[in-house]
Every structure is written in structure tokens, then in C-alpha cells.
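Listed below are the structures to be examined.
First chain A sits with chain B, and in the next complex the same chain sits with chain C.
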Partner chain A sequence: MRLIRQILLRMLTTAVTLIGVAVIVFVVIRVVPGNPIAMMLPPGATDEDVLRLTALYGLDKSLPQQFLIWAGGVLHGDFGTSITSRQPVLALVLDRLPATLELSIMALVIAVLIGGVVALTGTRSRDSGIEAAIDIGNGIALSIPDFLWGLILILLFGVLLPVFNISGRITPSLPLNFVTNFYLFESILRGRPDLWLDLISHMFLPSLALAIPLSAIIGQVLKQSLKETMHLDYVTLSRTKGYGENHVILREALPNAILPTLTLVGVQFTFLIGGTVIIERLFSYEGLGNLAIDAVINRDLPLIQGIVILFAVIFTAVNLVVDLLYAVLNPRLRHG
Partner chain B sequence: MADGRGTIRRRAGLRLWLAGGWLALLALAAILAPWIAPADPLAQDLLGGRLPPIWVRGADPQYLLGTDSLGRDVLSRILWGARIALIVAALAGTATALIGATLGLLAGFLRGWVDLLISRLIDIWMAFPPVLFSILLIAVTGPGLGPIILAIVVIDWTRFARVVRAEAMAQGAMDYVASARVAGRGRIGTMLREILPNVVPTIVVLLTLEMGISVIVEAILSFVNLSISTDQPTWGGMIAEGRTSIHQAWWVLVFPLIALFLTVLSFSQLGEGLKDRFDPVLR
Partner chain C sequence: MTITRRTLLKTAAAGAAVSALGLPAGAQGIDELVIAYNVNLPSWDPTTGPSAVNPTIQGLYQSVFDQFILQQPDLKPAPGLLTEWGWNEDKTKVHMTVREGVTWHDGSSFTAEDVAWSLQRAADPATGNPIQFVWGTLTNIKAEGNTVTADVAQFDPTIFKWMYFLTGYVLPKEYYTRVGAEGFEAAPIGTGPYMVEKFERDAYVRLKANANYWGGKPDFETVTIKFVTDAAARVAEVESGQSHVTLEMPYEEFDRLKGAMNGYATPISDIGMIFLNDIDVMLDPNVRKAAVAAIDKQTIIDRLLSGYGVAIDTLETPDYDAYDASIKTPYDPQAAVAALAASGYSIDNPVKFKIQTTKGFKPKDYEMIQAIVGLWRKVGIEAEIEVYEIAKHYELRAADQLAPAAFYNWGNSVGDPTTSTGFAMFGPSPHSVWDSQDLIDRIGPLWGEKDEAKRIQGWKDVDRYIAENAYVIPLLQYVQPILAAKGVTVTPHHSGALLPHLMKRA
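This part shows the complex of A and B:
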């Protein structure tokens, strides 16, 4: 019963958050100076044309009315029509979403790999010069945001030592007969190394830029909780049983040390997804973030609205998944 | 463990000195920019575009760090750009701290519906992608120094509010607060006289970190061409220009990037160093 009540409460607060986001975006973008309708009409359009189109997009109604019409549409899966491209917002957004998801997940995988290796190495050689060096490296990696890492990586591996692509998602001259927009996922499933190698060459630097700060956080927190676990009695016991250091760290300490890291990774993963906006711009990667910035520059109100809501949905969904995972993995909460 | 602590303190001390040193140098350069900048940061030299820094062949000794595609002096632009960066850092950081800490203090100490309201707002704010939100706000307000500071405050107040709220809650549960109340101090009085002094160290640390974040936000907004007007040299604007000509003139990107990197690193190291200083366990 308690679990059900908690889940219901959680869903309620999530709904309040999403409605709050929708209201704020709605109000903020309607304060935008400059008439988006006038911008989309050719020169020489009459005032009548402007009025007709304003009515078509519902911009002649009062703000609360506009919101209710929009919210009603959203509940039916209709996010309105983009002003610049005149296509349904939902279709445009879903078209770009896979690119951003693939980039974020690749970044998450890289961050977990680097962070894990760093934490394990630090624990293996604790209280030595290596651990001190790891701490300093972590400190720097944490202080510098993804945007700057992106620029540094562009310089190092795009210009100085040009081994990776620094622009776009895939080489346009390749045969792009994809069924879905999950290019990377699909090309791996179809066993097309010519495609996925090219995709990875494009995605590696932007995802690494997103991953570096997160990997430092994972490294730091996981190392800390590993160190604490290493002092516990059961770990000492397994050591007296004659198990080697690697076994003790990986098999005994790690499963118990992973929980605090998990909650943290959840929150930080939402920051990482938020970071894709500028990183996609920096690497001309055709994802949601790049679409968002174009939408803001073009004053494409329905599109901006749809993208921000989608980001908010992703953020809250990630938090929800992490909380559920935590409940599943933590025995104390499961039986509480 | 005494030795271990000694090393931590020494390292923290060095860190504070290096970070503080760079920021002091930068502040000095920013103040003196009109006198020490070798050239007018806006003066174009169309025949001297994309000249490399002086240690590279084909350079003009007049331009120490080279010129950009319009022939503007990179060094002078970095020095003038430092002004904008530090002004944004100081003003936006302080304003964010004031507003965020006030809301956090109110929520954490008064509890009840005030806390409920502020916590809900924080939840909503955390569901926004911050970079997109700031770009959106600048698109609404139009570019300029004021709008940038406003955007940073509007987006980042939660950083202070969240931490200060938690800290005020923890402090509020302590005995000394209860005894102050028993001694006849009012609620607001207790909040300002008893709780606030105890959360100031945290606020100072967060403020230092926020200054670094502000510098980055300004650079990101300049990068998407939404910052201050184009006739003000900014690091972000220089980086945006450098990104497009990266294969022809690396120095247009590299030097402002180094300045930005060191500044952001210094602010955050200063914050971390102060955190260690304020931490009673390490002290």
C-alpha cells in the first residue's frame, strides 16, 4: 500500500511539474517581440492576410484561451504546427529525438566506463601518488563544462590530430537508406560497419565532451563509497579468506558501493541531456538541441514549446526511472 | 591522519593562491584594458586579416597574438573581453546569490506553505534544459548586458535555493536556534541573526562557483550570437568566430579559449578551496 501511495504521489508531483513547465514556456514565448506571422508572409501581403493567418494559428485569442486550446491538443497528441516549416511539431521533434538520444546514451556509456575505471584504479592504488593524481584530474574535469571540453576536443582531435569528424552526424555521401532515425542502433543491428564506424567517428567527440564532467563525478563518488565499503567487516572477512585485491574490490565492495552513485548519475544524466543543446550546436549535429536553437532564432513559437516540453518529459522520466531502479536495487527500501 | 590533513591543506592553499592569482591578474587586465591593450579592439585592418601570432612565420610584430578574419587584434580583444566576462561574473553571481539564498532561507526556515511553494518552483525549474532556457530568455528580452544578467539570475537561483534551504533546515533543528527562540527572539530575527551567519560560508562558496558559471553562460550566449551587441568584444563571440575559421586560423579560437578555460577553472578551484577552508573537519 505504501508503495502504491508513493507512486501515486510521485505521479502527481510529476504532473504538476510538467504543467508548470508548460505554463512558464507558454507565457515566456508569448512575450516575444516581433510578429512571427508577419515574418512568415511574403512581402506585399495585406493586413487581411496577416489577420487570417493569426487566426489560423490561434494567436488572436487571449492567453489563457490559447493555453487551453494548446493543452487540449497536446492531450490528443497534437502539439501544433511549426511556423517556419509548416509541419506538425510532433513529427519534427520525433524526427530529431533519436539523434539526441543516441548521443546522450553514448555519452552516458563513455562516462560510466571512464568513471568506473578511474574509481577502480583509485581504489586499487589508494593513498598513493596515483590516487592524488586522479583526484586532481577529477577536479579539473569537473570544473570545466561540456561546452569548453567540446571546443578543446575540436582543437585536439579535429584540427591538431584530425582523427575524428567535428561536424554533422554522418557523411552525407553515404547511402542513407535508414528505416528509423536511430542511425547508430539500426546500422549496428544490420551489421553495416561502414555506416556505424562513420556515425561513431562523428559522434565520438561530442559525446566525449558531454561525458567528461559526468565521468569525473562518477569517478569521485564511486571511489569515495568504495573506500568506505572497503573498511566494512564483511570485506575484511573476504580478504582473510584469501581472496585477492581485485576480487575483493569487484565482487565484494562494488555491488554495495554502487547505490549512491546510481542516484547521482540519474540527476547528472539530465544535466548531460540539457548539455546536448549547445554541444549539438558546436558540432553541427542534427539533433533536437540544434533544432531548438534554430526554432528560437526563427521565433517558431509552437516548435519551441514542443521541444521544451519534450525535454521536461525526458528529464522527469529519467528521474522516475532512477527512483524506481533505486527502490528495486535497495533491499532496505523494498521491504520498508 | 595528521599528515594526510596537512597535505590536503597545503594543496588547498596552493590551489587558492593559483586561482586567486589568475583572477587578480585578469581583473587588473580588465581594469587597465584601455591603457594596456596594444590596439583598438574594434579597429579592422582588412589587409592584415588572419595574421598569425608573432612566433609563427608570416606574422606582423604589431599583433602579438595575431588577428582575426577582419584584421582585429586578438590580444586587445581578449583584454577587453575580460571586462565583460568579469562584470557579468560579479553582477550576475551576486544577484543570483541574493535572490536564491533569500528564497532558500525562507523555505528552509519558515517551512509550511512557503517551503511547499518554493520547492515546487525548484522542481519545475529543474525540468528545464538550462542552456535552452537561457537562449529562449535572451531571444525574448533581446541581447545586452542587463538581459544576460537577468537570464542567469532567472535560471540559476535554484542552485542557491536548494543548498541554502537544506542547510537552513539542518540549522533550524539545532538546539541553539531553539534557545534563541526561548530567549525571546522573533522568527525573522532568529533567521537573520542565528541561521544566516551559519549559512554564509556555503553561500560564499556557491557564489564563487556561480561566477564561473556566469562566465560560461555569457560565452555560450555570445557563441549562439545572442549576447552583448556585436561591437563589444566578448570571449564567446571570439570563440564563435574562431570555430568557423578553425582550419585557417587556429589562434582566433585558441587564445580566447585559454583565457576562458583558466578563468572558469580558477573560479571553481577558488570555490572548492574555500569550501575546504570553511570545513571544520579539515580545519
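This part shows the complex of A and C:
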């Protein structure tokens, strides 16, 4: 009962948050410098041309009027039309979302794998030179931002040792008959290794660039948590029973140590999606981030609004899921 | 070196893994040309929205669509879909002859109706063509046989130049009206050298050669244009062999790679300039003249742009119709000091104003302004730099609220003086910054001048007057760097458009 109440409360606060985001974004992007009409004015345009184009894009109305028109449309599933591409915003945004989600999930998986291995190795070799080396490695991974990792990876695995593709999502010459835009998931489900291997070849470097800083955080937190758990009585008891170190770490300490890491992963995942903006640009990956940068450069107001709202929905949804997962996994919360 | 069984297995496994992940395009030969392009293509309609007036995108459009008139790489017009064009004696009517035997990409015939409809559509304010004010000068557009005629509602000497400039594209009447704007966006067709095979927004467009192209089938059967907006990533693309051709990279990278690849550095129609606004201290001619004389353009080009640039003294480049080599604004710091002294300024008592610039929008834009501010400081000008986004520049310029000095780049791929000096310096234009009446009076009569020789000479005289009064600071003509794999030769287009049908196998 308490869990249901908590869910309802969170959904209510989520709705309020989204409305707040919508209002703020709508006002801010119209207040900051950069008028989309001024950007499309050709040489020789007259004041009449300016007025004509302003009216054509509905920017001649007052701010509250514009907001009401836009909000009314949103309630009916119409997020407006992109100024630059003249396509419905909702279709454009939903078209790109799967690409960004796949990239983010792949990055998360890589980060968890690297971070997990680092934490377990560090715990296994605690107070040794290996742990010191892992700490130094973590420090380096954290202090270099993801876009710089991207450039380093492009140089290493795109230019010096050209193993991976460094731009795009899939090789254009491949026959694409996807039903959904979740190319990677769909090609795996359909058993098409020619497609999913090509997709991974394109996605690996941007995912790795996103994953490296996150893996360092996961590795550090999980290692710390494991080290603390390793001193608890039940772990000592397990040792006295004669279990080996690997068994003690994996079977006894890890299940209890993983909870704080899970919360962290949830929070960091939202930051990771935010990080795709720059990484997608660098790797010319056709996701939401790339779309967002173009929208901002072109002052495509309806598209900026749509993307920001979608990001807000993702962030709040991920936080909600993490909170619920935490509540389910944590016995103290589960049983009140 | 001993090869053990384990080493052999490891090597084989690594090789298999690499092969499974897919080799880059560079290893597959040059049957399929891959170009790393520097901009995205937001929309396929070349006549509406912001993309229609974005000069960088025009190369993509011109691969698929033909313009009314063909523009050659040296910017000169040539017969294209229109084989002949002109005015009647008193310039109250225009006539155009349409090429016969041309087909659209869907196999249907191209006719004079398509030309007439494209002109009517461009002139219709409801379609949102940003250049409607130009196309609207033609009325009563009619097609008969292979001829199109129209009445001239308002004489515009550049109307035929616009037919190979922004939004001057011919679209298919029957197909467009049948499929509508959304259908056209999903499956665009033109009469151009390439047909759209596959398009992934923000990722790539895959083009197939148009075997029936009236100008001859292009050399490369398939062309993939990847949209790689980051310059470092574009360099990596060609360096790794994943793309064969790219453009617009830092000049240092161009110099580093041009030996191993085919490198082209061609002056294009874009120029760098500093707008002066007729406010504050800029109303003092001595300040303006000093600001011009104190800039050593050639040294800036040599030091900051590795020599890739052409110093200019007017808003006309040597390719433009009204270029006059005799107009000079030489680097003369002594003259600058003297001019400032005449107005009571010196190094100890400098004249102060703000200069606005973009940072990273054009090659070394901010660095150039830093260098200029340094040169100004030596003669008694203290300029404060304000960095802004290009979007803010457009907004401030349209509202005539730019600072006393503002850096900008101006593109004019048709090379006509109206679309350079004209729109940049004519007060009533929303693009002009210097709005003094003397200049308006000199430029005004040139808009409708029907004698071409007189018109061009008139613009040259205006350019000389502007230079003498230092109403603007022209800096340089940009040079566009292009890198191509050894197996590809590129014919650079002076408009800056990178056109795949002008690329050949070496």
C-alpha cells in the first residue's frame, strides 16, 4: 500500500515537473538571442518579407498566445512542425529516440562490465600494487571528459588501427528493412549478424567514449562498497567455512554491496543520455543529441521544445524506475 | 620470429573479429564514392525554409535538382534546363527556352510547364519561399511549347542570376502536386545528375547516378554523402579511408594531409568583412579610415590562415562582375595614426569602441579579430571584443543594433554587385549596417538600371566611394580546402558547393 502511494505521489510530482519544464523552455528559448526568421532572411529581404515569414511561422502572436496554441497542440499529441525540416516534431523526435536509447544502453552495459571487473579485481587485489594501478586508472578515466575520449578513440581505432567505423549508425549500402527504429535490438531478435555486427562496429566507439567515465565511477563506488562489506561478520564466517576468495566476493559480499551502485547507475544513466549530445555530434550518430544541436543552431523553436520535453520525460521516468527498483530490492523499504 | 600455434590462432581470431565488424569503405575500392560533408540536410525542398538560403547546403540540392540556369565552376552561367533566356527590347517581358528530351528521376518528361509552375510557386507568398520578393517581380507566367514567358512587374537586372542562386530550382509540377510536400520530402525527385536512393536524416544520403542526365552520366555510379559536422571527425574520415572526399578542415590539417591525398585550395565566393555601424565614434570619418588603414590583411592571412585567403579592398572578389582592381585600401599605420590625430586621438588617448565577432563559425574568425584589435591598439584604437553566436548577429543586424564594428562573412555565389555591395550597404535593406543617406542616394538608381555596362560601372563607382569613405572593412576572400583520395579528382566550384558529379576517377 505504501509502495502504491509512493508511486502515485511520484507520478504526480513528475507531471508537475514536466509542466514546469515546458513553461521554462518555452519562455527561455524565446527570450535568448537568435530569431529563426532573422536567420532565414535572404539578402534583399524587406520589412514586409520579415513580417510575412514571421506570420507564416506563427511568431507574430504574443508569448502567452503562442504558448497556449502550443500547449493545446501538445495535449492532442501535436508538438508542432519543425521550422528547418518542415516535419512534425513528434515524428522527428520519436524517430531518433531509439538510436539514442540503444547507444545509451550499450554505453551503460559497457560501463557496468568495465566498472564491475575493475571493482572485483580491485577488491580481490586490495592493498596491493594492482589496486593502486586501478585507482590511478580510475582517476584518469574520470578526469578526461567523454568527448575527449571520443577523439582519442577515433584516432586510435578509426585512424591508426581502423577497426571500427567512426561515423553514422549503420553502413548505408546495407539493405535496411527494419520494422522499428531499434535497429540493434531488432537485428539481434531477427538473427541478422550481418546487421548487428555492423551496428556494433558503428556504436562501439561512441558507447565506449560515454562509458569510460561512468565505468570509473561504478568501479570506484562498487569497490569501496565491497571493501566495507568484506569486513562484516558474515563474510568472515564464510571465510572460516573454507570458501575461496572468489566465492566470498561474488556470492557473499557482492549481493549486499551492489545496492548503492544500483542507485548510482540509475542517476548516472540520465547524465549519460545527456552526454550523448556531444558524442553523437562527434561520431555523426543520428540520435536525439545530434538533432538537438542542429535545432539549437537553427533556432528551430518547436523542435527544441519537443526534444527538451522528451529528455525531461526520460529523466523523470528513469529516476522513477530507479526509485521503485530500490524500493523493491531494499528489504527495509519493501517491508516499511 | 617463431610463429607458434597459439600466435597463429590469436591472429586468425583477431582477423575474423575485424572482418565481422565490417571493414571501412576505404578498403573496398572506389566503386562507391563516399563524401564526408560538413552540414546536415534538414529538408529536401530547396525553395522553402532556412535550408533554402543556406549556401553550404546548395551542393547537396544541386546533386539532385537542376537550377533554371546552370552555373559553371567559375560562377559564369551556362545553358541548363533553360537553353536560352532574356528580356524583350524594353525589358517589360522575359522569355525562356526550355531544354527538350530531359526526364525526371521517375522517368516522366520534363516540360516547360514544370518551369512555369516552379516560377509561380516561388512567387507565391503562401509557399514560404524566402526569396519570394525576387520571384514576385515576374507575373503572368505562361508555358507554350518549349517556351516560357512572363511579364516584368518590376524590373530586376539580376532576375536571371537568381535562376542559378538561392531557391532557383525547378521542381516537378505533376509529381509534387500529386504527392504533396510530405510525399516530396519522403521521396524527392529532380532532373539532376543523381537520384536519391536512401536518406537517413542527420546521417547520410545515398545517391544513384542518373543514367539519363542531360549533362551526361556522372562518373561514380553510387555516391554516399555522410553528414559529418565535426571538422576533426571529417579529417579522421579521410585519413582512415572511410570517406574519399571531404571539405572545410583546419588549414593546418589540410597542409599535413595534402601530400598524401589530392588537395585542392580554391578561392570561393565567400568573403570575411567587418561591418561598421553609423553610430557613436564611427560617425567620425577619421576613426573609420584609421581602422581600415591599420589592418595588415596579408599578414593576417599568412600567419593565421597559413596563406589561404585573398586580401580584398571592396566587397567584390576578383570573380565578381564589378571587381575593380584599381580600388585599393593599403595597409598604412602612419596614415592611421595621422587620421586619428586629426580627431584628437592617440595611443595614449585611444578612441574606444566595441567589436563583435563569432568564434569558430568561420576559420580563425575570433583569432583574426584579436589580431586586428592588436594592430588597432598600435595606432590608438582600443576595441573591446564581444563574442556572440551567429544567430545573435542575424537578429542584431536585422534590428540595426550591431556594435560600431561587427565581423561577418558574406556569401555571393552569383557574383553580382547587388548581392554583395548592394544588399550589404543599401540602408533600407535589413542586411545593411551603414545606413547613411549619401550611400542610399548613390545605390538607389542602380537597382533598376537596364543598361548592363552602365550598371556594373555604377557599382564600381559605389565601391570606390565606399572605400574612400571607409564605410565597411573588407578583409579577405576565403579559400576552401578540399581533400580527396588519390583515386579521385575534384573540380572545385567557386561557389563553395562540393558537387559529386564534378568528381572523376583519377
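Throughout what follows, the second predicted complex is superposed on the first by the 305 of 336 C-alpha atoms of A that agree within 3 Å, B and C clash if a C-alpha of one lies under 4 Å from a C-alpha of the other, contacts with A are read in each partner's own complex, and residues count from 1 in each chain.
Assume a contact is a pair of C-beta atoms (placed from the backbone, for glycine too) under 8 Å apart; a residue touches a chain by one contact, two chains touch by 3 or more.
Every value quoted in this text rests on a predicted model; they were computed, and no experiment measured them.
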> Which of the two partners, first being chain B and second being chain C, lies in contact with A:Val322: first, second, both, or neither?
Replying inline: neither
> Counting only touches as set out at the top, which of chain B and chain C does A:Arg299 meet: first, second, both, neither?
Replying inline: both
> Which partner does A:Gly158 reach: the first (chain B), the second (chain C), both, or neither?
Replying inline: both
> Touch check for A:Gly20: first (chain B), second (chain C), both, or neither?
Replying inline: first
> When the two structures are overlaid on chain A, which partner does A:Val277 contact: first (chain B), second (chain C), both, or neither?
Replying inline: first
>> I'd like to know which partner A:Ile83 touches here: chain B for first, chain C for second, both or neither.
In response: second
>> Going by the contact rule set out at the top, does A:Leu56 touch chain B (first), chain C (second), both, or neither?
In response: second
>> Which partner chains sit in contact with A:Ser167 here, chain B, chain C, both or neither? Use first/second/both/neither.
In response: second
> Should A:Leu103 be classified as contacting the first partner (chain B), the second (chain C), both, or neither?
Replying inline: neither
>> Quick check on the output: what are the common chain A residues between the chain B footprint and the chain C footprint?
In response: 33, 151, 154-155, 158-159, 281-282, 293, 297, 299
>> Under the definition above, what is the set of chain B residues touching chain A in their complex?
In response: 4, 120-121, 123-124, 126-133, 135-137, 139-140, 142, 212-213, 216, 219-220, 223-224, 239, 243, 246-247, 250, 253-254, 257, 260-261, 264-265, 268-269, 272
>> For a test of understanding, state which residues of chain C touch chain A in their complex under the given definition.
In response: 18, 20-22, 24-26, 32, 36, 40, 42-43, 45, 48-53, 125, 128, 130-134, 166, 181-182, 185, 198, 200-204, 206, 222, 224, 226-230, 232-233, 236-237, 239-242, 388-392, 394-398, 412, 418-419, 422-424, 428-431
>> So in the complex, the part of chain A that touches chain B is made up of which residues?
In response: 13, 16-18, 20-21, 24-25, 28-29, 31-33, 127, 139-140, 142-145, 147-148, 151-152, 154-155, 158-159, 270, 273-275, 277-278, 281-282, 289, 292-293, 296-297, 299, 304, 307-308, 311-312, 315-316
> Which chain A residues qualify as touching chain C in the complex?
Replying inline: 33-36, 38-50, 52-53, 56, 82-87, 92, 95-96, 151, 154-155, 158-159, 162-169, 171-173, 176, 193, 197-198, 200-201, 204, 281-286, 290-291, 293-294, 297-299
